[in-house]
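The next block holds one structure in the form of structure tokens; read it before the comments.
Chain IDs A, B, C and D follow the sequence of writing; residue 1 opens each chain.
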Amino acid sequence: MNDRIPTPTATPPDILRCAYMDIVVTDLAASREFYVDILGLVVTEESETEIYLRPFEEFIHHNLVLRRGPIAAVAALSYRVRSPRDVDLAEAYYKELGCRTERRSNGFAKGVGDSVRVEDPLGFPYEFFYSVEHVERLAWHYELYGAGALVRLDHFNQVTPDVPRGRGYLEDLGFRVTEDIQDSDGVTYAAWLRRKDTVHDTALTGGDGPRMHHIAFATHEKTNILYICDKLGALRKSDLIERGPGRHGVSNAFYLYLRDPDGHRVEIYTQDYYTGDPDNPVVTWDVHDNQRRDWWGNPVVPSWYTDASLVLDLDGNPQPVVSREEPSELAVTVGADGFSYTRLGDEEHGFKLGNTL
Amino acid sequence: MNDRIPTPTATPPDILRCAYMDIVVTDLAASREFYVDILGLVVTEESETEIYLRPFEEFIHHNLVLRRGPIAAVAALSYRVRSPRDVDLAEAYYKELGCRTERRSNGFAKGVGDSVRVEDPLGFPYEFFYSVEHVERLAWHYELYGAGALVRLDHFNQVTPDVPRGRGYLEDLGFRVTEDIQDSDGVTYAAWLRRKDTVHDTALTGGDGPRMHHIAFATHEKTNILYICDKLGALRKSDLIERGPGRHGVSNAFYLYLRDPDGHRVEIYTQDYYTGDPDNPVVTWDVHDNQRRDWWGNPVVPSWYTDASLVLDLDGNPQPVVSREEPSELAVTVGADGFSYTRLGDEEHGFKLGNTL
Amino acid sequence: MNDRIPTPTATPPDILRCAYMDIVVTDLAASREFYVDILGLVVTEESETEIYLRPFEEFIHHNLVLRRGPIAAVAALSYRVRSPRDVDLAEAYYKELGCRTERRSNGFAKGVGDSVRVEDPLGFPYEFFYSVEHVERLAWHYELYGAGALVRLDHFNQVTPDVPRGRGYLEDLGFRVTEDIQDSDGVTYAAWLRRKDTVHDTALTGGDGPRMHHIAFATHEKTNILYICDKLGALRKSDLIERGPGRHGVSNAFYLYLRDPDGHRVEIYTQDYYTGDPDNPVVTWDVHDNQRRDWWGNPVVPSWYTDASLVLDLDGNPQPVVSREEPSELAVTVGADGFSYTRLGDEEHGFKLGNTL
Amino acid sequence: MNDRIPTPTATPPDILRCAYMDIVVTDLAASREFYVDILGLVVTEESETEIYLRPFEEFIHHNLVLRRGPIAAVAALSYRVRSPRDVDLAEAYYKELGCRTERRSNGFAKGVGDSVRVEDPLGFPYEFFYSVEHVERLAWHYELYGAGALVRLDHFNQVTPDVPRGRGYLEDLGFRVTEDIQDSDGVTYAAWLRRKDTVHDTALTGGDGPRMHHIAFATHEKTNILYICDKLGALRKSDLIERGPGRHGVSNAFYLYLRDPDGHRVEIYTQDYYTGDPDNPVVTWDVHDNQRRDWWGNPVVPSWYTDASLVLDLDGNPQPVVSREEPSELAVTVGADGFSYTRLGDEEHGFKLGNTL
């Protein structure tokens, strides 16, 4: 596994941003209730088999496709590139890497034009497109906003066994690392990578993969995230809250993790920082720092480390999952095998559930 | 234990509100750092042995006394009454109950005049006073507000073995129940009681007692509470966060529980509802409803159930702690002995730490 | 006018709080759109001629009645009293004052029982009741909350020519003044009076009266108020915003004033302070202090001083409006006749519209 | 004036973002009180003649220089470019435009290395640099945050007589228009232009110029902006609030305009939208739409249109101010000469001060 993915001689595409995720859900009505009725995403269009969704500030056709299918999985993580020509560049780039690619001039999803999908070196179904239908940016339509209004797609998060290997591949593709989690032995547990001026467009979480860890939508304020929790409580669906709300150490953003009816994880996220300068300082966190994942030291629930969504190959079959060989973040930080600190060298551990259970 | 406390023939005092808590701390400098530097309470006056504190909207001399002493404990839970004569009524009321009382025309704490302290039937050191020094209400002094500014004392919370017994006593004293937690066998686990127009001035939590569970200060908004967590993280003191932040089921308020350097528990609280009508509806929660203590279903850390502060008798000696005989809320809801539900009758339990650890 | 209203020998009723306003609107559908579709008040019940509304934390039948009629006016300002007997006390009290009264054992509005309505000494239609139908307190029903959710009725505000005369009458009735606006000549321009533990249940604004200045509903947070403005902008109804949003000097609350389709003024209000102690300090503001009405010094629009709603007598006819004889707050503070300061004695006036137009 | 500025054949520099403004203030202590004590900007370093300031999320040496001098003015609007070579490109680009340039390998301000300053075709002192000293990004230092913490430099705003002429020049330089204000005769009143992924790095406001209209800092949330107003009220400096707080139509951001002790205008700004796609839709607003500048229809104070800061040439002398020849936004929208609407074609004007005074 630890062989570096070779750097192609081809020019990589100029990626603008993470643009949409195409996910397979097993009960479209249940998913519609979750994403539309509860989270308030806007339906751009829908059919009996597909729903295309966007948050209030988006002007492209969609940021999320719900596609009815037999197995809950992710069909594509799709990036928008700067020009039509960049789709050609993407296709050539992955062909040089020896990856399977599929080009469709009319796109794989409604509203999207010329696209290429690839089975990337990490096993993920990546897509690249430029051409896309514009729809109304509903930013000013406050009469449609709920109290927890989602306004932007923020990022993807992918599970892969060997984070440095994935990081090298994504850096070659033009991504820049903003933060990571390591230990004193040099093991990397996770890395955050960006194209747009935020902390990330995608992140790599060390674990058995390829699997999709989560998709994240942004709200304007922390109070919007708190409302989503209040609403889930009112609907007696608080068990969909997996982790949070809380303040991340990494990214400094405010967060909440939910699980959709198929178990796909959705993050609600707000207020990270500008990263657009080429010399933006990289922040490295110690895996044993118990404020890295939650700045308030609140424990990470084990399912957050262990659960993730299958991803599909270009035939629609689940990619086999390869085990992580290096230590897991869960093992080195929780319970008998692990330890964490609030103050390096300090023996006190406080009252938190992770310490007392 | 289950004998009802007799109702005196004497008229009870007309209690306005919980007014201040007098607590003994073992390291005054450490406590000052916590309450003044971190939480931002305003120092009305201080000496080498005592610090008198108030939040921004208070106009009486203090809502909290920190008193240096050998054992961390609570010296008094003090209520303000409507008139000087109500102090006489209080004294007579407790004398009829057979309680030890002590009257001091110059008060037990600086700034407070004629007061009576009692060892109440539950073993708590209650105080009643009317006369008090006025100080500036700093409500408009925003130049002094930090981002997590505390504005009011909201309530006390007391641990007592037999909640219905304590409830009957406090109802006789003029308190009204607003909410409680019961089970289908009729066991009461906790009750909330008010004088002013909020959900409570004090609450009774079932457990080994008499002990003091927490003192609660109010902020204006939820974001103020989130900031306190962010600041504790920045100070590398996140281990002082015991539970939360979150939304209570009971009271519908937003909350955070901290532990001071002696382990005294402090709640930060905002946005409960008006309860001032005599027929205000009482809300009863099922002890197995996992949204009762946290509306989002986030688990209650065991220390929150088990830990509390000793209380002192009028000689300054700790009151002996009597065990609760009825089932504990911890036992019936967490782990092997207990169960909780999000939806009554539904078997699913979700991803929460309380369910997975 | 300056004759003091005599203090009755009768015991006044024990008033709990302002409870509801009964207003006549000329286009019930337009009013419904404003109060229900835009502001999100909950409909308890409605017919072709009446709509009964409440905010999310209310448990009595309604806090607002919209009643279809030929002339926009106020039919009643209604207070809840502590017991059924207090209705008798109210009736006797006003009879002794020589006021016309009308008692209806089945109430004047649906959901309300035994009530007395009076034409009070200031010419206002006051109502007093205890018996009322309980409805569900929707406080926990966050799935119904919009982003600008109204949670409580907070207060009334009445226009009367002689504020000290009205103040004396209301103090006799049991109200307590919390704040007022005066000048150095001893003229009183406005006074705030409370029964519940907030800054006011009603206020007296000096001007031609009797007229109703506004009714105020509370939200939880400032951001809820900002959202109402955003929504009105999105609906292209921003011209319904008369004044604000802003921070009051008086009351220290955050505010917004809207005008309903008939011109009735509605305030949205949040975060004043506890006033329940009998020696709560009264705050007196100088009429020339330009932070008294808006803490940020933003100008008060003239219509806010001049416009108000007619009130009805018990036959449903508008009460004649009597002119204020003392100087008006508008005249002494705005434009050629008036002056205001930010810092007493300082000549600078800044850039504000009130100074530059 | 209406001659287009020629497009150079030289490659323009790759501009990352607006980076800092260098302003001359006449009383350094007074300015320090405003920017440091009141607004809470962090001092990177200071001397008796200069103060270097940054907000909490910045990692370059400063975003604002306060420089003591005899006349309040702007010495430079400085942009960071992608690489050292882009400074060469900038120098060559402006030389081809016939502009005066000055190159300093050690920079014009502390902490900044190789820089070029130019007198640009619109008369503004623009600067371009890449090399800069890194300082600590204080994003996680919540213990230092005040309740109104400023976190990023967001944008500049420049006054120039001929907006389309300036727009053409900035588009050649690589900026992209995101929004503008026009009338039905084709007159452009203002335009917003970006490099980073926000609505703007700078904007052109039509008026007598060259002058600097304002510099804008971002906060995380609306409540932070409200707090700044509350604090100014508490300090009895509310007359420094020129306009707002409010919601912009253009940019959809929440805003507040202050005036510093020299009259330099500072905007506090939060929550505009992502604009990084090359086909990001341009929003054009009608100058008569009274929600364009304030979404709530609150009036723009005349000084906001008429006042601005002088800018300096490379010798430190004020640039002469050239009058705008086209109609002014003030004239066409306020008072006798102008008109605005909330709903196009609707005659109603509401209660707002701009309509009633």
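Please note the rule applied: a contact is a pair of C-beta atoms (placed from the backbone, for glycine too) under 8 Å apart; a residue touches a chain by one contact, two chains touch by 3 or more.
Note that the structure is predicted; figures quoted are calculated from it, not measured.
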>> As a test of understanding: of all chains, whose mean C-alpha position lies farthest from that of chain D?
In response: B
>> Between the options B-C, A-B or B-D, which interface matches A-C on more than half of its contact pairs by residue number?
In response: B-D
> Taking each chain's centre as the mean of its CA atoms, how far is chain A from chain B in angstrom?
Replying inline: 42
> In whole angstrom, how far does the Cα centroid of chain A sit from the Cα centroid of chain D?
Replying inline: 34
>> Please tell me the distance, in whole Å, between the geometric centres of chain B and chain D computed from their C-alpha atoms.
In response: 50
> Roughly how far is chain C from chain D, going centre to centre by Cα mean, in whole Å?
Replying inline: 42
>> Multi-chain contacts only, two chains or more: what residues does chain D have there?
In response: 140, 221-223, 230, 233, 249, 295
>> Help me check something: in the complex, which residues belonging to chain D touch chain C?
In response: 221-223, 226, 229-230, 232-233, 236-243, 245, 247, 249, 254, 259, 290-291, 295-299, 301-304, 307, 342-343, 348-354, 356-357
> Can you list the residues on chain B that touch chain C in the complex?
Replying inline: 16-17, 57, 59-60, 80, 82-83, 134, 137, 139-140, 151-152, 196-197, 220-222, 249, 252, 271, 273-274, 276-281, 295
>> So in the complex, the part of chain B that touches chain D is made up of which residues?
In response: 140-147, 149, 221, 223, 227, 230-231, 233-235
